[in-house]
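What follows is a group of structures, each given as structure tokens.
Two complexes follow with chain A in common, the first pairing it with chain B and the second with chain C.
Entry: the complex of A and B
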């Protein structure tokens, strides 16, 4: 396989982009673990980053996380083979349900974070 | 008006003479709009260069023999129309990800071994005697596996799969799709015999869902779907208390 195989087709390129989006998310989560460790040392040890650079990095990570989640949930209709009363559930219904659950989970987590932050 | 012509560029490789494959161009008449790439190769072999080697048989997209790379995409050459490429040249190469035996002929041994390893036939714990009549199935039971049974073993999916290209230990799309075809068949009882192969790290878990196998399949089979569904099934089998069923 030539090293540039993923540039040969749009489909390959989008696949590599999808896989790559996991990397910044992993870096962001590493930072979060570090922050939690710092917070464990008490208020004196906890210094949340406030620079514009970190905000920009977080925004990029959020965009990548959204794209990764979108591609993952969009494929749920292919992956999940579900039957209700012996009838297969249409892939479109599965995808719609997954996106619905994603929205509900996001709202619940956001409400919890805002509520706990007050 | 001058007769229409088209340039076919084909890979040539004679293992007794050549160190590596090279391309050779042929200018052929393109008189008939229904001509396919396989017709062009047959014209070259009949009238220009009889030494050109390639596989083909049925000419109607059934046998799966004539798969080659056509302008960089895995295609059945009997189903790739020249009119879709003319006036540009058509580059015909052997299928990607396989060793080349000669010209456009690839070595398919690896695929044949993988296919056999998933036991793509109906396995019964106890055979039903022939005298007992047909083993009936409901239409819904046939629908369960039908699309996976359309596979013609043409290997285009292996050629399109970068995972197989990077690691040929991967069981691959067609073998897994056919394993799923039999695992979903209500007459089959061979799931436990196939599981050690398909649920292995070189089985379904090697796939990272590129999805190109399903795009290039000339028969509309969705091997990527078969693989992802098998991942989910094997996980549920492993984790749920009732999962270890037959």
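Entry: the complex of A and C
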């Protein structure tokens, strides 16, 4: 395959972007591990995540994470096959449910992360 | 005599696909909210966030349900990432990414991150139900 195949069609490029989302998300989760580790340093050694550089890094990771969520949840209609009362559930309903689940999960997580702060 | 041979179920394949699919789903549903709040809102001081203060962060990390949640989020996500990045290399013509050593590196990396996560969750904050 020629080296620049993924730049030849928009569809190929978006496929590669979708697969690449794994890297920034992995880096952000490694940072989360670091955040957990820093709590082990005790109150005096703990350094809360701050700084514009970290915010910029997170913003980039968020863009990739959102793209991963959008593409992955949209695929649910193709991957998941459900039957209710012996009738197949339309793919559109499955995708809508997954996006609804994403919204609910996000609200719950944000409420807990903010509500448990001080 | 029947010429049909009974095919053995590919349990290994099933396991990796299970980890890949569930990791992808879990990451899709949960990660953006974490990044938005812990990575942007908290550091900018837009809202109070649990990991901006030592006492609230260590208290939450002591909760066994939080430990299980973080373990599931990180472990499953990394198995998903390992699979995706390995196949991305294959798509870019790196055929060595199909090899057994490459699989050991990628999936072994996911196992290593999982073990580090377990270690940190068990050592950083003692389990507390309070």
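One rule holds for everything that comes next: the second predicted complex is superposed on the first by the 117 of 118 C-alpha atoms of A that agree within 3 Å, B and C clash if a C-alpha of one lies under 4 Å from a C-alpha of the other, contacts with A are read in each partner's own complex, and residues count from 1 in each chain.
Basically, contacts are C-beta pairs under 8 Å (C-beta built on N, C-alpha and C of every residue); 3 or more make two chains touch, one makes a residue touch a chain.
The model shown is predicted, which means the values in this text are computed figures rather than measured ones.
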Superposition on chain A - do chain B and chain C clash or fit: fit
Partner chain in contact with A:81 - chain B first, chain C second, else both or neither: first
Touched partner set for A:59, first chain B, second chain C, both or neither: second
Touched partner set for A:11, first chain B, second chain C, both or neither: first
Which superposed partner A:50 touches (first chain B, second chain C, both, neither): second
Touching partner for A:93 - first (chain B), second (chain C), both, neither: neither
Which superposed partner A:19 touches (first chain B, second chain C, both, neither): both
Larger contact residue set on chain A - chain B or chain C: C
Touching partner for A:1 - first (chain B), second (chain C), both, neither: both
Nearest-approach distance, in Å, of chain C Cα atoms to those of chain B in the combined model: 5
Set of chain A residues, in rising order, touched by both chain B and chain C: 1, 6, 19, 79
Chain A partner contacts - residues on chain C that touch it in the complex: 21, 24-25, 27-44, 47-61, 70, 73-74, 77-78, 80-81, 84-85, 87-88, 91-93, 113, 116-117, 120-121, 123-125
Residue ranges of chain B in contact with chain A within the complex: 72, 97, 140, 162, 165-166, 208-212, 215, 222, 224-225, 228-229, 231-233
Of chain A, residues touching chain B in the complex: 1, 5-6, 8-9, 11-12, 15, 19, 75, 78-81, 86
Chain A residues within the chain C interface of the complex: 1, 3, 6, 16, 19-23, 25-26, 28-33, 35-37, 39-40, 42-43, 46, 48-51, 54-55, 57-59, 61-62, 65-66, 68-69, 72-73, 79, 101-102, 105-107, 109-110, 112-114, 116-118
